[in-house]
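The structure is given below, and queries will be raised subsequently.
Labels A, B, C and D are assigned to the chains in the order they are written; within every chain, residues are numbered from 1.
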Amino acid sequence: MTASLATLSLPNPVLTASGCAAAGRELHQFFDVAALGAVVTKSIMTRPRSGRATPRMAETPSGMLNSIGLQGPGIDSFIENDLAWLAAHGARTVVSIAGGHTDEYVEITRKLNGNAAVSMLEVNISCPNVESRGQVFACDVHASSRVIGAVRRAADPALPVFAKLSPDVTDITLIARACADAGADGFSLINTLLGMVIDTDTMAPALGGVTGGLSGPAIRPVALRCVWQVHQKLPSYPIIGMGGIRCGLDALQFILAGASAVSVGTAVFGDPSAPVRVLAELEAALDARGFASLAGAVGYAHRAPEHRLGPDAPQAAAS
Amino acid sequence: MTASLATLSLPNPVLTASGCAAAGRELHQFFDVAALGAVVTKSIMTRPRSGRATPRMAETPSGMLNSIGLQGPGIDSFIENDLAWLAAHGARTVVSIAGGHTDEYVEITRKLNGNAAVSMLEVNISCPNVESRGQVFACDVHASSRVIGAVRRAADPALPVFAKLSPDVTDITLIARACADAGADGFSLINTLLGMVIDTDTMAPALGGVTGGLSGPAIRPVALRCVWQVHQKLPSYPIIGMGGIRCGLDALQFILAGASAVSVGTAVFGDPSAPVRVLAELEAALDARGFASLAGAVGYAHRAPEHRLGPDAPQAAAS
Amino acid sequence: MSNPVQETAEIFAVARVGEYVQFTVVAPGVAAGFLPGHFVAVGVGGENTSMLLRRAFALYGATPSGQFAGTVQFIVAAHGPGTRWLLQRSAGETLDLVGPLGTPFPMPSGPAPAVLVGGGYGTAPLIPLANALLAAGSPVEMIVGASTASRLFGELVAKRTIGAVTVTTDDGSAGVHGRVTDVLPDAIRGVNAEVVYACGPMPMLRAVGDVARTHAIHAQVAVEEAMACGIGVCMTCVLPVRGDDGASRFLRSCVEGPVFDADRVRWADVGSLPDDLVGADAMAWH
Amino acid sequence: MSNPVQETAEIFAVARVGEYVQFTVVAPGVAAGFLPGHFVAVGVGGENTSMLLRRAFALYGATPSGQFAGTVQFIVAAHGPGTRWLLQRSAGETLDLVGPLGTPFPMPSGPAPAVLVGGGYGTAPLIPLANALLAAGSPVEMIVGASTASRLFGELVAKRTIGAVTVTTDDGSAGVHGRVTDVLPDAIRGVNAEVVYACGPMPMLRAVGDVARTHAIHAQVAVEEAMACGIGVCMTCVLPVRGDDGASRFLRSCVEGPVFDADRVRWADVGSLPDDLVGADAMAWH
């Protein structure tokens, strides 16, 4: 079930989500990481980062908040240890990169150029822009466009560059359009929603970081709406859909809304082998609906009823 | 446990949420509507409205989507039947008003002026602006400010006017600031998040309206964050907090984040007497924490640890 | 209104009936107000569930007094996660019920011959209705249909209640090979019916309405629309219904229904927004 | 790594022990890899639950072979909704387990006298540790403490295992009136301990570490930090720990712990971000 993401072709459309699979090693205890479409690694920055103070998570109804703060070893250690491990284990790797200013994104990109272990760059622009008093890049068309343009120019031309967008904006299609114009080859939708919980015992915010990112099935309707909107406005741009995917039918919703692949994030915390299970269930679901190829299902829900018959029409729809 | 919302004083801080209690009559079968702080009525427009085609709802993890489309009888019938019934039953009433353009909001406001049954206007600006190709008022500072300013000028000066904001914006504090500058006396936070579900059997959007509003506990962390942010930026403006409140401790979180009252919405669908239960639980929770008054708890979670002692300090915090 | 109450109801018995499961629960408040056509809204999933909304089930019966005083009965078919959860419950556990809800079947003012048509578990609310009609002296005929034999419900009880019942299945696995509407005209003529009552899938209800109309009698049908609240506050459960004034409006099937006069329902427009609906003109941009 | 597996585990027995409940579940894969100090992550809430995350419990024992072959045991204290759900389970039902997880207690290379200190249910993982130490020829002393008598766990089993146990309670309702650290110095001296092992609340672990340091021995302590994944992928469960190089880092308590050398943990900085942590300088605007 080949998934096609710009110039990249993957054996299947199920990926991990950045920050929910570290660099694959721990999940490899539960399933072969090479069996996935790709491993998307935790967003990496130039230097080592401590991350935020604990508590870093709070469970919420059908979701969770995290305020990890991009704890990580820095790009050099990442390349030497994590990327090498992933390559040695035959995994295709999407490297998620992050930064506090445009130059940092470019610096990381350059370090990754020419590394055969990298299949794609996912640019996490849900980071505070240190040059703009901490405003998140992804919340501003200009900042988003500047980072994506710079990464696209710096990156090996053969390497697809996907912009990972935040749902915390008035119109996600405007940000997507700006990124597309700046050279993004596709989109990863969505990052977490900003949320918070107050601990009613301490009567203070439950997270060390006060606010945190909301993920899990709770946000799935919002994620699906974002995929739907961006696919509608920019139908030729491939999308990696994510946000609360727990089973094959959840993944199918994203495909039908316009995603060419999906990432499984928070679900891994409850079920470490969720990504391979979702893959098997998605394959069965597509099959049951008579789709000969994944491509035939991508964006299918956008078709007007009268266009649901035809070469790609699943039997279910034709009957 | 008096709640104070600008010039309005309510016997307690628990209200219904607009669109989740109709005009009180049906809930009165389960509890006395006069026992609540106030009944917030379904958003009313000038003329009768059919609302959207069905299906109008989809259950989602810890949430639901609705695409009712503001079905309602129009302001005249509302005043004659619903408002009269509420007054006859001793309920304090917050009338939620909606419109497709500024004049419509003004027209409704004028019709409500001088009606003793009305305690407050809640201006639902999460409506498409027909003069701006359907862009939602609440997603634009100018449109928001224009509507709120016009309603404030048209309304009886003694009647508090609250702006009900949408979370689907890049920075809700900017919209709040614009509404405050235009004369809003306070805020109702939040309306639903835009979301969607795709039916994997029909492979088409599950809702007649394609997208719908996400409500319920799933959105509580987002709602709480919005209340926190707006209270932080505009501490002197009272807030009615809502979004996924199901029990007294949920309500307490909103109070601690800065809300002076709360609305219980979707929870009513699972438990018709949720509002009175939430009220009893909230009272007990405040009591257990040693708060002598509701006012002492409003925004308490914003205090730095060293300011948690003092006249309003609950015993729990002082020990 | 139906004077609904919210009750924590102990499950008295759970019994498998064909593909369905019959619940008998102790809910005196619900039982007290019961009339045929009422439904209950049942909380599903237990504490900490991700399912917020109640599930609606037509009441199959209520026993306000006597040996099983204060019990009500309803029939559950497996559908999605909520009904799956219900089907895993057993006697002694409790359910959270709100009911009785809805507008019941209108009863004729005096004795009046009637045909009752049930599709699948839709037969359930017709059994207490049959009893009430018979008690009022009305001759009753009953047709019970389903796609296949295992999906039939209530044919034995119906036979016991009324003396005779006509069974149809789409696949011929039981009774007459065909649809309920194939045998309805004969039944109407046979008993000289003045009214038809029906409960079952929407296409069936529509077809029953058509047959009734050709015989110039009314059909009172109980519809099934997805409901969020079940008590009339949310406006999700509407369908387009013609009023006395000739104008059509979206009416709430949970309070103004679930029983409607089939002739008033605009079947072809269910699931769309007809232009001539009251207030449809105000829907620009919505 | 601990070679964890995911297993659907039938509950073999549920037994109340003071304020706690002891679960014995059939999980041969978990049992196979068990070493003292390992924990399991248990799914809670069942199908359609709103609780996404697993709950961590220290393993109280595992029986890889013999009569109860393939079972593991853990102790659950009531805390919030997840543990409340667990406490409602009964034998015959199944649980979803991932384990064994974490880095177990390091064992001395040869026989070495040790003191084991358990606070509340923290005694649980120390019982299999005591057995392992005794089997390796190490003399073992054990201190079991709690705020009050009903919160004690394992004092009888400890006594049976080791021959003697010192009990403390903060309120004096059982054993010595006081804290575990009040009796720890005597215990260390009594057995001439080369190492202390502890599991219990964070302030207790810190205090145990302080006592051990004054006696110039190591304390290996099992911490409890809120965990989202339990398997090392999410970075929620960190605490600041000094490394061999003298530099401090946030380490994951689910894989690099839960057992740490108390001297390496920067107790005073747990819950904050010390400036000198590796990578703290990169945290502007975060």
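Some observations on this one:
As a working rule, a contact is a pair of C-beta atoms (placed from the backbone, for glycine too) under 8 Å apart; a residue touches a chain by one contact, two chains touch by 3 or more.
Model, not experiment: these values are computed from the prediction.
Distances between chain centres, each the mean of the C-alpha atoms, put C farthest from chain A.
Computed centre separation for the pair chain B/chain C is 35 angstrom, with centres defined by C-alpha atoms. In this assembly, the C-alpha centroid of chain C lies 56 Å from the C-alpha centroid of chain D.
The distance from the centre of chain A to the centre of chain B, each centre being the mean of the chain's C-alpha atoms, comes to 33 Å.
Chain contacts: chain D has residues 50-51 touching two or more partner chains. Of all residues in chain B, those that touch two or more other chains are 61-63, 216-217.
Chain contacts here are complete: no pair of chains fails to touch. Those residues of chain B that touch chain C in the shared complex are 19-22, 26-27, 29-30, 42, 45, 47-57, 59, 61-64, 66, 68-72, 74, 100, 128-130, 134, 208-209, 216-217, 266-273. Per the touch definition, chain A reaches chain C in the complex via residues 61-62, 217. Contacts from chain C toward chain A in the complex involve residues 50.
By the touch rule above, chain C contacts chain D in their complex via residues 45-51, 81, 84-85. Those residues of chain D lying in contact with chain A across their complex are 1, 3-4, 6, 43, 50-54, 98, 225-226, 228-239, 249-250, 255, 270-273, 277-286.
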